[in-house]
Amino acid sequence: MKKILVTGFDPFGGEKVNPALEVIKLLPKKIGENEVRILEIPTVYKKSVEKIEKEIESYKPDYVLSIGQAGGRASISIERVAINIDDFRIKDNEGNQPIDENIFEDGENAYFSTLPIKSIQDELSKNNIPSSISNTAGTFVCNHVFYGVRYLIEKKYKGIKSGFVHIPYIPEQVIGKANTPSMSLDNILKGIIIIIETIFNVETDIKKSGGTIC
Amino acid sequence: MKKILVTGFDPFGGEKVNPALEVIKLLPKKIGENEVRILEIPTVYKKSVEKIEKEIESYKPDYVLSIGQAGGRASISIERVAINIDDFRIKDNEGNQPIDENIFEDGENAYFSTLPIKSIQDELSKNNIPSSISNTAGTFVCNHVFYGVRYLIEKKYKGIKSGFVHIPYIPEQVIGKANTPSMSLDNILKGIIIIIETIFNVETDIKKSGGTIC
Amino acid sequence: MKKILVTGFDPFGGEKVNPALEVIKLLPKKIGENEVRILEIPTVYKKSVEKIEKEIESYKPDYVLSIGQAGGRASISIERVAINIDDFRIKDNEGNQPIDENIFEDGENAYFSTLPIKSIQDELSKNNIPSSISNTAGTFVCNHVFYGVRYLIEKKYKGIKSGFVHIPYIPEQVIGKANTPSMSLDNILKGIIIIIETIFNVETDIKKSGGTIC
Amino acid sequence: MKKILVTGFDPFGGEKVNPALEVIKLLPKKIGENEVRILEIPTVYKKSVEKIEKEIESYKPDYVLSIGQAGGRASISIERVAINIDDFRIKDNEGNQPIDENIFEDGENAYFSTLPIKSIQDELSKNNIPSSISNTAGTFVCNHVFYGVRYLIEKKYKGIKSGFVHIPYIPEQVIGKANTPSMSLDNILKGIIIIIETIFNVETDIKKSGGTIC
């Protein structure tokens, strides 16, 4: 039995909903034999990571998957890399707007996702869920959380795997935004469940075969 | 009791499916008291209109709604106007590729949709289905059918209302097409049903109020 | 010796410049043996056409080429067709915002450009100026002018040829608009001169050969 | 007197030209008191970096600016960060296609540009050259060169500053590619000169003031 912590942000940037929050609310508590715990986090740069760390301390997950909204993208973006920079184009939900600041002074320049991003993309494709590997999670709170969690794991919680996926707007968010892509919440949910299954399964397969993930 | 004929094309341009055909197969045979008849048409410019005319003759619908795929668009496009030109960028499914030819020599330069396009958009928006009014249906078989049916109605079947909507790719069509928009078949179906309901209802409302549609 | 009247709008929609106005100011007064006259017109729907009609009356041109800005498009759009509808998404420069109104009640549903649009595209391509044939000039003042001039010519000034081209933003307009396409004023100017030359030359060629333009 | 080495790739991906190569050929040999040396490099992943290293050894530049083509982008992209991964979507010009390989096993996960990216963007904007800060240089030869040069400098040539900019297609490359953005070679050249001037000037200013660059 393995445990995954799945985080989703509250709404920001004038939106009424955040599809990341909507989708985690719909996740089952178990996938196969494995446990899924969800955590709502604020779109506030330092607090978001602090809240995740508390949950890591108490829940002791094997994996952390963070989910954020990428308005304007048409497919589920599986993020490859988080960079050590906060450079906010808009303010976060408590008015912070760091420009060109390091997230952690003693962190690496970047951390790669330790989730099996290529296997995830393959499984999503097989199941007709549009997806792509993305090489930038931006420089706002999403990248901050992706980087922050990977940093904490490297420093204090070795062995946990973590990563980030961006999801498109859901249809209700693009009403009045001419020709902006969206994805149905049903398909996003289906996609996130496939991602979680892949994380659990690939890990199991690899243990059997002795291989390594990307 | 009113009757609507809803047409959908077969696949073209190398695609394995056409979402227009997929969605009409899922339509109910009745919406309220009203009848819905579906018709698969070939992506072949003259035959498509001929097949629709036969069905108009035998079924005697009150409305004709034609549906086509617009790969790359992110929302349901409610077409405003059809123009009297065939100018094909690719061949149709029988190898025809007319360049700068009139569709009907004695037709108007253009015909406007006689469906309530603004009411349709309002209803789609209220129901969180992304949509937009489009001012071009292109110059391929979609525009040909839209124009051809409007022409036939003006010449021979006065009183029938007709129009065209373009729908996005469905998710399975964009696997491997990086960041191309799609819409779930569920939401397309929901949208087409709303469109048909609006056509029936607005007509009814207008009869009551004596108003006119756009 | 032939004469062409080339019109350009003043700025609208919060922009400080209109590339259409900037480019006509740079046109030479003669191209070959032929005369070029420019005319600034207001982005106000009825006044724009009225001002052009006065100039047609006094200058008696052989051709009228109207130029407008299409912010967001990446290439010079050679418009194929104007439709008989005003449906303004924003107000014009005097606050008018007609919704779903006909431009002229006794006009055709649409008028096609009587300029040689395919020859124009060929010449632009040969000269490495990005261009495309466009099937919609929108439903704002640009379409209004395109339609209005074609209408006037059909009704009162038979023999004059007219049409419309949309041009992209110039670079100074996209500063701060992330990743929005633009075209240098130099290349737009080069393009407009090629268009005018093509109009003059094709006409001449056709007279010789007895052919007709699209 | 300072020295900058400016590199440009040869054509790839079926293109006949590479605007990066075209633009470096047009650079002056001196900008102010400072020297500009250009270097054509092959679109071949290891050879490109090897050729630059040889030139660093012999020319001993103060700065290395590498330029690459980013087809489809509309503005000059000033790259922020290079990542330690080769993951080629297409083959390079000698048929190499590494998938998910590290560029240098003992390198950092990523290196940030040591050029003044924000000052460069400010200067480009002041001069009406469209630009943006980009957070991904991709995972092809461009990122490889950006990363490789930064790695070499960190390991062996401390003190040299280096970075990367992506430039759009030039107009001749988008003929026949419907509505794909481009930028005139004139404006790209103007932009690259401004970038070089900014690199020289900011450095000078900073030496005077004792400050640091992003």
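For the reader, a short list of remarks on this structure follows.
Lettered A, B, C and D in written order, each chain numbered from 1.
The rule is simple: contacts are C-beta pairs under 8 Å (C-beta built on N, C-alpha and C of every residue); 3 or more make two chains touch, one makes a residue touch a chain.
Given the structure is predicted, the values throughout are model-derived calculations rather than measurements.
The pair from A-B, C-D or B-C that reproduces the interface of A-D, where over half of the contact pairs by residue number are the same, turns out to be B-C.
Counting the residue numbers used at the interface between subunit C and subunit D, over half appear in both copies, so the two copies meet with largely the same residues.
Of all chains, the one whose CA centroid is most distant from that of subunit D is B. Per-chain Cα centroids separate subunit C from subunit D by 39 Å. If each chain is reduced to the centroid of its CA atoms, subunit B and subunit C end up 31 Å from each other.
Taking each chain's centre as the average of its CA atoms, subunit A and subunit C sit 49 Å apart. Those residues of subunit B in touch with two or more other chains do not exist in this structure.
Listed in rising order, the residues of subunit A touching subunit B in the complex are 73-75, 125, 128-130, 132, 171-172, 174-176, 178-184, 186-187.
Per the touch definition, subunit B reaches subunit C in the complex via residues 80-81, 83, 85, 87, 100, 108-112, 118, 133, 135-136, 138-139, 214.
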